[in-house]
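Below: a set of structures, written as structure tokens.
In what follows, subunit A forms one complex with subunit B and a second complex with subunit C.
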Partner chain A sequence: MTVAAPTVGTVDRFTRHLHRLTGPGLALDAGELAALDRADAFPADACRALDEAGLPRHYVPTEHGGALDDFGVVMRLLRAVSRIDLTVAAAHGKTYLGAVSTWLAGAEEPARRLARRITDGEVVSCALTERHHGSDLLAGEVVARPAADGGWLLDGEKWLINNATRAGLVTVLARTDDAGGPRGFSLFLVDKARLAPGTYTCPPKVPTYGIRGADISGIALHGARVPADALIGRPGQGVEIIVKALHITRTCCAAMSLGAGDHALALAADFAAGHPADDGTPLARRPHVRRELGEATAGLLLAEATGLVAVRALHSLTGEMSVLSAVAKAYVPAQIDALIARLLHLLGPHGLLGPGDPHGQFAKAERDHRIIGIFDGSSLVNRSALIEQFPRLARGYRKGRVDAAGLAEATSPHIRPRPFAPAALSLLSTTGNSLLAGLPDAVAELRERARHRGDLAAPAALATRLLDATGRLHEAMAAVRFPPRAVPAEAFDLAERYELCCAAACALHLWLRGGPADGDVTWLRGCLVKALTDLGEPVEDDEAAVLDDLAGLLLDRPSGSFVSLLDRLESPS
Partner chain B sequence: MPDLALDTLTADSLRAWLVDCVATHLDRPAEAVDTTAKLSDYGLDSLHVLAIAAELEDHLDISLDPTVMWDNPTLDSLSVALVRELSQNA
Partner chain C sequence: MNTLTAVEALEQRLGDPFDPANPHGFDALLAAAEAHRPQDPEPWRVPSGAPEPVLHALRAVCRRSPTLAGTPGTGAADEALAVGACAGALDSALRITLRHLRGRRLYGAAAADLPVLRSVLSGAFADLLLCDALTTLAVRGTDALPDRPDATAHAVTAFVPRVLQGALDRLSVVMGSRFYIREGDHASFQRLLHETQRALFGAGRRTPERDPAAPFPLDALLAAPAVTGLYDPALLAAAPGRALNGRARRTPQPTGSAHERLYADLVDRHEANLALDLTRRPLPDRP
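Now for the complex of A and B:
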């Protein structure tokens, strides 16, 4: 067992460095970033500062000369950036999505070349979507035809692509078989500097609701010739590679949501603590404000538990990522959107968006985060992916299929994860979902521990109700039958409930494995209360009171810090 | 559905099982499933096709590389490829 101390050192150093750059007139100054946002201008200085801080090395696996050997680290680095500015995080982090297909394809020489470009500061984009087809990748019309001299000729337009204009390299998904289908597409790493003049153009940046400064544009290819070695993997492998790549990037997107959630929650808490109500006492002392802040904290911790376990699962439950990436990408952004909306509803009338927030940071976080739920596959796309897997998930749960070693590792944050094995990624999970199939044992363990520790009786009762709801849910999932392309609406409700059960299971597994045996159980109780409430399961008033204690965690935290499970899990037991 | 066992598996018995499975997914009679047609022609998209692989895995208690469904788009080619793969793994 290795304690991941170097991990903590890397993240802490980076976080402190970012904090120093938030000073007046510096690259991450909130006032400067707000001004850029108002002008729809790209935060170039901020991105350059992240380059100088060495962030690009964390997009490159160690075997190719970079620093990436633990997705948990890159997640925490991007979360730290997202706490400051989501436009910057989305713009900078996109290079990983641009590069990941090359890492997955596995050929050494192209990977080494790309690694050098990235560590030298090159921006890499990834162009999947098209103007008329959105997320329907198999409908793509950009084509690549073999050129006479062995290369390829690319034609067509990719649109709504983050960094398409700024990037020097763009990974492009193109049709290589007129008949299309899952084997009809291939990926190309297009080096703009090597394209003949006039063979590509970038349509103008699209004005967006959030991340206004981001370069959301496109690339149009006009008989653009690329060399034979631009092909990533083999012809026809494009969809397979990109679906697996999305298992990684959708999971890592949780970092951006969690950072935005941290930021919004801290702004709201500071506002509520410092802003007096009509009677002169701070808003935070009002019972309903305190309860809402506590519920928001519980929501954030549930989302964090989900993101934390999912990102570790990339290493140890790799073959289950078709499920866990969809859960993480559907649930975490939706949970953070809901959290921000409720805080706004609660504190907006008291002036949260007014002079209490001089740089408009809360409003910006709200706008920016709305985009996270859409890109890299929307919640609807991810819920569809879950629904397609319902029969297999229901069977796996019924049969109790658990990868016990993988589950234990995914839920033990203080253990260094095993090396990531790309070959273990699978289009469909072969084992189902160990997090939920392992829930009955986890609940049994909590109940057993409760026999010797009085304060575990309450969470054990909540966990038992969660297990009951999870069992009923899987019966309903098994009963869903539908013809192709006619998913019934109730299946989406089941998918949402599935995400909630997973989130709560993540929290329980983490509490059992990740912290000391005598660790404080307040946060787990809060997470279970929040999950059961959102599931529509009964929760007693005295059980819900734990949310007020969670509000205490938020309001009493040291100035400038954030509430995080990591502080409660990674201290040596 | 016809019974299917790993030790007596042939391309014919597997094809018959797959026809029934696809017919169930499409909610149409087995006679209306053409084993020479691409599954995508029935509107079965890539993930839905993989769900059929999952049912077969569950039925035989085996693990398949789901891309075998993509590389063999008709039930005829799929049943031949699956029997070949399963005999190699046996």
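Now for the complex of A and C:
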């Protein structure tokens, strides 16, 4: 195991490069991006700049000639883009979703061909949803029938598809068995340039609430003939491949949420620090404003811990991703939406929604970010996926089933992760969830360390309460019974609490493994306070005061930088 | 009776918001907003009068467009009017969401039959009732808690805006991608959400002098005779927005019989075209 120094170098170089492009008149100029947003216009210059910066190579696994061998890296790159503009990130990052099914199917020649197209700058889209079925993929009506001369004939319309018009290649999910069902669909990589004229059209771009410049459109296929080698995997494998692909992309969506959260929090903090209240002192000096900024920071760090561990788990807890991807996709966007909403409620009336934000970047982040909780499976869809696995998760927790090596690797960010093994992805987690099954040991370790370090008493007490809440939660999860299609609403509340326990467990594991033994414990205390508060567990006033210290991290950070766990976990020891 | 007459006249003038041919309806307002075309203010003018009829007239405007409810003054009474009016936008958002879920099939069933989606609807409805109760108290100038004279004002300036916006945000999750697009049958949802957010939290709003999230005696307020006379306390107690008073962050949805009653009442009022607030006034909407 080696220290992943090249990782840090790649990310830092890319981030500095992006920063240089934010100057006036350049591709990532905030004023320019705001003007495009107002005009519902695609940020083409910005996307071209990302192509030139080499981002597409990170969507291609190294075995096919690209640079992707650590999902943690692509996550940080997309987070850096999302800090500047979420429309650009969503438009550019979509190519990975378009390509991932081909990577997972594993056939070498098609993967190599696609890899070349992507590194040459081709846009790849992924068309799953249809006008009347939304997230219900098994209700899809687009059909593919075998053509007389080999190949397939595709008919029907995919709608609300990111980049459907701009893309040269589109991965399409189509029904290949009239009876449908989980084995009744297949995936096709459709090359628009090879379709006969008139056999496809793209319905117009749909105007949206946020990410206004994005190409949210669709593709209608009219007896479009694709060659036999357009089929991804085998016939009938479409749903299985796409569900596994979503385990990856739902996890990586955290990158966009975290970037948007970083951006919104920095804008709010700078506004509060510079904006005088009625009495002339900056708003940030008011105790309740400081407390809110601290709570928002804690929320962001919890979300970051979740995203960081989940992305690393793709490598080392691959078989548990049906759980961890659902947790990441349900929790991280919802946490960032909530963070933005609370900052907006607090600071909007003081001008953050108006003159206090010259390019309207905070308002744009608010609009843009709401899409992350919707696409690639909404929080409701992901919570349903968790609820389906409740009996299994409760059993795994009770029996203490932990993949100890996988857990240690997922929570040690300075270690280069083992190669990603797609074959280990599984529709249902067989081991359960090592993050939570490993929580009792993690809490015990923190308590043990607290015997020798006085300042760990407070976090150890908080972590003990977290463990207690997690135990009660699993008992409630085990008791949920329901007939098919009648999931009680209360189960969704349990799923939300489950996400919170996971988020707090991620923070604790990271603190124990990711930093030096004498590392600062403030951020962990803040994360535990925030998680317990959100869980509805009692938190004392003097415990909550740690949030004010977190506000200090935010308000005293160097200008132009962001508060991140990574700075606390990877600083040279 | 006067209350209803003034607001009914305004509702009749503005017509059925769901009617695509109505020049004051959702489609026309959306088209105007998309074209940055200002509305002729005349049909939207709210006649001056006693505070409560004005509240309901402003609510009638907010059912269609919070932006057109105009910028109120900055006095405490104006504040209660401006905030309480936004319950009208939540009324419309609930109707749009109910229509959407009834027209959509998911996983082999009508979306409106999925328990989790129903509970979000009943929760948003309970929040509307809660906000109506508190703003009605404030607009009437009822001193419900004489030993806490600031409680009602705090409720209206700091608490009710976050409850209303929270309910809209949860409904937006249920609307899913249909919330996010600015065209089609339900495109007015995003416009109402956006305009409400601006009306409640935009620059120029009165900024609360103390911590807007500071706990205030909500339970005592809701137990005051002035409130229990308006509503069944069990329904107000089920409002998820109550969690926003104090430290709690997540908002549990109504369960059990409170949920069943709220949902049944919501559907009844929607089908009978009655307002979702305490007036239950008839609306010109056709289902």
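Heads up, the rule we're going with is that the second predicted complex is superposed on the first by the 571 of 573 C-alpha atoms of A that agree within 3 Å, B and C clash if a C-alpha of one lies under 4 Å from a C-alpha of the other, contacts with A are read in each partner's own complex, and residues count from 1 in each chain.
Everything that follows uses one rule, which is that a contact is a pair of C-beta atoms (placed from the backbone, for glycine too) under 8 Å apart; a residue touches a chain by one contact, two chains touch by 3 or more.
Source: prediction; values computed, not measured.
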Practice task
Pick one for A:273: touches subunit B only (first), subunit C only (second), both, or neither.
Solution key: neither
Fill in the blank from the handout: Per residue count on subunit A, the busier partner among subunit B and subunit C is C
Practice task
Pick one for A:147: touches subunit B only (first), subunit C only (second), both, or neither.
Solution key: neither
Practice task
Have a look at where A:424 lands relative to subunit B and subunit C in the superposition and call it first, second, both or neither.
Solution key: neither
Exercise for the section: Please indicate which partner A:288 is in contact with in the superposed arrangement: first for subunit B, second for subunit C, both, or neither. Expected result: second
Problem - Which superposed partner A:240 touches (first subunit B, second subunit C, both, neither) - result: first
Fill in the blank from the handout: Contacts of subunit A common to subunit B and subunit C in the A-superposed view 485
Completion exercise
Counting only contacts in the complex, subunit B reaches subunit A at residues 25-27, 38, 40, 42-51, 53-55, 57-58, 63, 65-67, 70-71, 73
Exercise for the section: Could you please specify the touching residues of subunit A with respect to subunit C in the complex? Expected result: 129, 132-136, 139, 160, 206-210, 216, 287-288, 291-292, 337-338, 341, 344-346, 348-356, 366-367, 370-371, 373-375, 378-380, 485-493, 496, 533-536, 539, 544
Fill in the blank from the handout: Contacts from subunit C onto subunit A in the complex sit at residues 34, 104-109, 114-119, 161-162, 165-166, 169, 172-174, 176-177, 179-183, 190, 193-194, 197-198, 201-208, 210-214, 247-250, 252-253, 255, 259
Handout entry: Complex interface listing, subunit A residues touching subunit B
Key = 138, 181-183, 239-240, 384-385, 388-389, 391-392, 395, 426-428, 430, 483-485
